[in-house]
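Common to both upcoming complexes is chain A, partnered first by chain B, then by chain C.
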Partner chain A sequence: MDIIESKTWIEWVITIAKFGFCFVPVLYILLLIPMERRGAGFMQDRQGPNRSYIKIPYFGKIRLFGYVQNMCDGTKLFFKEQFAPAGVNRVLYRVAPAIPFAIVFLSPCVIPWFGPMVFEWGGQTVRIAGSIVDSDVGVLLLFGFSSLSAFGAMLAGWASKSKYSFLGALRTSSMTISYEVCLGLSMMGLLVLVGSFNLTDIVNWQEHHVWGIVAQPVAFFCFLIAAIAETGRAPFDVAEGEPELVAGYHTEYGAMQFGLFYMGEYSHICINSFLVATLFLGGYAVPFVTTETMQAHMGGTLAILCGVLAFLGLAFLHMIYRYSRKLKATNLTNRFEILREYQLYKIVAWIAVVVFIALGVSSWFFYDPSKFVVNGFAVGSLATAVGTALIHLLVLVVKSVFFCWVWIWVRWTLPRFRYDHVMHLGWKIILNIALINLVVTAVIAKLVGGN
Partner chain B sequence: MLALIYFIILAVVALGAAVCVFLSRHPLYGALSLVTSMVALAGIYGLIGSPFLGVVQIMVYAGAIMMLVTFVIMVLNGARDSKTPMFDKVSLFIIPAVLVLAGLVGFALTRAPLAFDATTLRGSVALTSRTLFDVAQTGPGYFVLFEVLGLLLLSAMVAAVLLAKKRLGSVDTENTEESH
Partner chain C sequence: MRIIKQRPMDWVERLYIFEALRGLFTTLKHAARGLFRYETLPTISYPEGQPEVRNTYRAKHRLMLRPDGTPRCVACGMCAAACPAHCIFIEATASDDPRIEKKVKRFDIDHLTCVFCGLCAEACPVDALRMDTKKISFMHRTREDFVAHLEDLTNWDPKDYPDDEQSQVAPGGKKNAEALEVWGMEVK
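Let's look at the complex of A and B:
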């Protein structure tokens, strides 16, 4: 059992805890579905689904800004009857939805969630990588997984034995292949600059030089377009194509089997937005501050973090107060119920703001890593490392949520492309721009950097 | 010990899937078994210390090429499930050829002085690129070979495009399309 003894227990705890990041895409689904539906409503100047509520005794109804709708949808999908049309290929029909959903749990393993944690433990320096698998091949592994997940759509289309599904599957496979080429090539310019496939190295390079979006602006847009196309959403939804193919490859699916495809698509958005944020927006790196500076002034950093959170709380309160004022002026029949719910939000948000301000002030004045001693064991550097990791994680999540919004934004803004337009864009425009970008970057890197 | 257990699992999956390629009646099942076999092989590559090769195997072969193969299979007989017989007259030639080839490879592998030391050969991207492109270290051999292979693939692609174009324009394909 020398494997177990090769690390101290704290290393094992953190290493195993990192596997929890596998569930991040699934959690993002819960965030993305209300974001998509309310976001679509916002863009089309309507409310979106916000009527479902939970009734709490002695208080009233809680709607959570339409978030409860999520739970209703999930419950409906779970309890619907699972059926298979006559004539389908039984085995493949059942297996197909599981493939993209299984890939969802594998994909997060190479994304660096925080910078490498370095701390002193029992007299020796411990270093823990920020990704679950700290591999040299990093990004390539992610691309490999995402190319495998298209097999789910293909098998679903074939096993359904329906012409709509079949056409959708054919389109999926051709589009996946063409846009994967664009995705890989547009990223290569950045990899030439960094000189590594490892995502931690890429983020580290961006932290100490410039962000990828500044170094490679052309590549960023190519990558973003290819990444949006790869998730198969509008304007690139030729595989599902509601106007022409009913629902594409999942026409014959219902209940939770359809739900698995749906969740697979949203998790794909999550993974791709994490990838864009990591490659081109500095990943976990805090803007304008390097990790070393942050760790040297941990108390101040924590205070600023608490300040930002308190500011967000105040912004939320402003929104609630404005909504309440507007609502009081109307004569909606349910306005007192809603105002009562808003009262609850006001209380919670005010408590949160006060707590954050108190935490920020106390960490500004009293944070001192040398005081952290548990049972005569100095854990100050561990506390600093964990604090840095949490801040990194928060920054990465904020960046990726922004890109998730870009996905929704694009979907509800642009009209959908025809199939030949999509192929034309992929093979004749983006691929060539990416190739030229790669050549120019390589020449400049050779002339300037000399590596 | 742990590595051995992983190796046995992956090897059984790879070999089993490879046998399934032979035994499956429908070409799509054959293609899927081939994908499984390739993914298991990629795992073995990772296990012996070359994750780069393994990932390229997944990306290029399992992801792209097998996707194209399934695409072709689906286009050719997607609507009707044609069941090809497992053995026909051609098998008379193919089975002995496969057996002889397997014997030859086995003989060569047992006799060849294969000195594989996983500890010295560990390393992924840097080692692979140095082996391929570092002219000072390994001479121009691999570098030139690599470029020539690229040219070969390009010429194959051009030839395929030419062939396909010719057939699209000809008269008899248009007739067969109508008869479907």
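Let's look at the complex of A and C:
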């Protein structure tokens, strides 16, 4: 019981609630799939998938801007028959897809989702770390987890009893290993400056000095390229290069087993974009504002946040109204059906805008932590801490969504490299640049910083 | 044979990174177009939106009409002779009009066999057969329904061809009355 009594109940609640962050990569899959499919469509001047719909009363066919298509495809994948070709290693064949997907739930544990929450509770100061595991080897742990996903590919390639799968697995594992080296070495310069492997410390340093992208621009590019290569996405997707290897290591997989590989890949993107955002873009730190300033003016900060959200809602409404006007002028036979559907979005967006504005105005004028008392118990500093955490989380999400977009953007722009070119780039160019960057950083840090 | 000598890449291009950034900018422009100017995308959402078809496009056939509403076809069989797919079937009968020798009793075009080459319309000596209906989708339940008969081919509205004088001569057209006067004869 000692361990339970060592913390107050509110600490336990928050600590356990933090495990919910394990599901963030899975949620990101829901975001990334439509972003990838429609983004790819737009980049190629197509419309992207937009035909499926759900029928609801009054508003008619709801397409959710093509999102329903992804739900349909997911459902289809889920209910498809799972089969295994003759001659596969049954156990490994079944286990392999689960490995990359299981890692999805492990890797988010060291990422700091918000700054350490510090608040007064019943006369004592409580401090709760922003990551699930506040480890001093944070980055290394994360690298360890993300390179584990190569095991899934390796086992899949071995168990499938197919030459294509096996070659794909070989390529994946060799590429993961080579780019792990580049990934680790390119961020060493930043670690020299910060002097810690702890991700919370790294973000804290960036918040009080400069962002990693300013301090280490070369390292940022090396890291980004290595991170893209490590997820095995185009232009580095030689492992599943369809002109040569059909589909690489998951050639023999179908249905949800293929789906697990697919989701593993997407959540790997998610984790890596969180990592890039944390290491080089200040993580949860709000640009130009320190956490202390934010907490001192909590009401104003929340008001600005609500204002930004309301502005986004208005921008969305502008796009809807504009497109509705254009649609009315066309002679599509289903234009009134679509306009009826858009009415739903207009109603939802208008309600959101009004709610955000009301919240913003009220928090600007009426937010006063000293008045927050529940049953004679002051919870004002808890409210401030939770508000800060919320803003931090939102900022981190925005940054990481940007990097997710970079992943998709690069994939649909650059053609695939040849296998030897990938190895050449990894071992002879990026590794060398990263090493030189590390040496130069170390020398400058010694001369200037003197530590 | 023409040999095109490609300019060798200069050192900036060989660095790849700058050209890659240029490519990224291009795709970003296209993505922004899709997001902010969705209606300018060239895709037509087909069953609801129809593509724009010109009247020179070789679409479904129609038979032109005289001012009195009879088909202009004189059943000479030139179109059937010109047809490379042998999809036109004509039967002739004696015309009621003393000035004209024959008229069609049966005029069938099998659109499952038709290759839409347009040679029939070229071959027609009296400009009776045209392919300017702009109807490009053929959807029927049975194979028999794909065969267009005489009634089907002559069943068109002059209002759909406002710029074509020859179509306006037909019954219901703007020039029908004066044309009928020139034609001069009511056929029983």
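By definition in this document, the second predicted complex is superposed on the first by the 450 of 451 C-alpha atoms of A that agree within 3 Å, B and C clash if a C-alpha of one lies under 4 Å from a C-alpha of the other, contacts with A are read in each partner's own complex, and residues count from 1 in each chain.
We take it that contacts are C-beta pairs under 8 Å (C-beta built on N, C-alpha and C of every residue); 3 or more make two chains touch, one makes a residue touch a chain.
Quick caveat, the model's predicted, so the values are computed rather than measured.
When the two complexes are overlaid on chain A, chain B and chain C sit side by side with no clash. Applying the stated contact rule after C-alpha superposition, one finds that A:Asn331 touches chain C and leaves chain B untouched.
Rounded to the nearest 10, the angle at the Cα centre of chain A between chain B and chain C in the chain-A superposition is 120°.
By the touch criterion defined above, A:Thr176 lies against chain B but remains apart from chain C after alignment on the C-alpha atoms of chain A. Contacts of A:Gly144 after superposition on the shared chain: chain B is touched, whereas chain C is not. In the superposition on chain A, A:Asp136 makes contact with chain B only, while chain C stays out of contact range. Superposition on chain A places chain B within reach of chain C only down to 29 Å, the least C-alpha distance between them.
Once the two complexes are overlaid on chain A, none of the chain A residues touched by chain B in the first is touched by chain C in the second. Listed in rising order, the residues of chain B touching chain A in the complex are 2, 28, 32, 35, 39, 42, 51-52, 54-56, 58-59, 62-64, 67-68, 70-71, 74-75, 78-79, 124-126. For chain A in complex with chain C, the residues that touch the partner chain are 38-39, 41-48, 221, 319, 323, 326-327, 330-335, 409-410, 412-414. Listing the residues of chain C that touch chain A in their complex gives 17, 20, 23-24, 26-28, 30-31, 33-36, 38-39, 41-43, 45, 47-49. Contacts from chain A toward chain B in the complex involve residues 3, 135-137, 140-141, 143-145, 147-148, 150-151, 154-155, 157-158, 166, 169-170, 173-174, 176-177, 180, 196-197.
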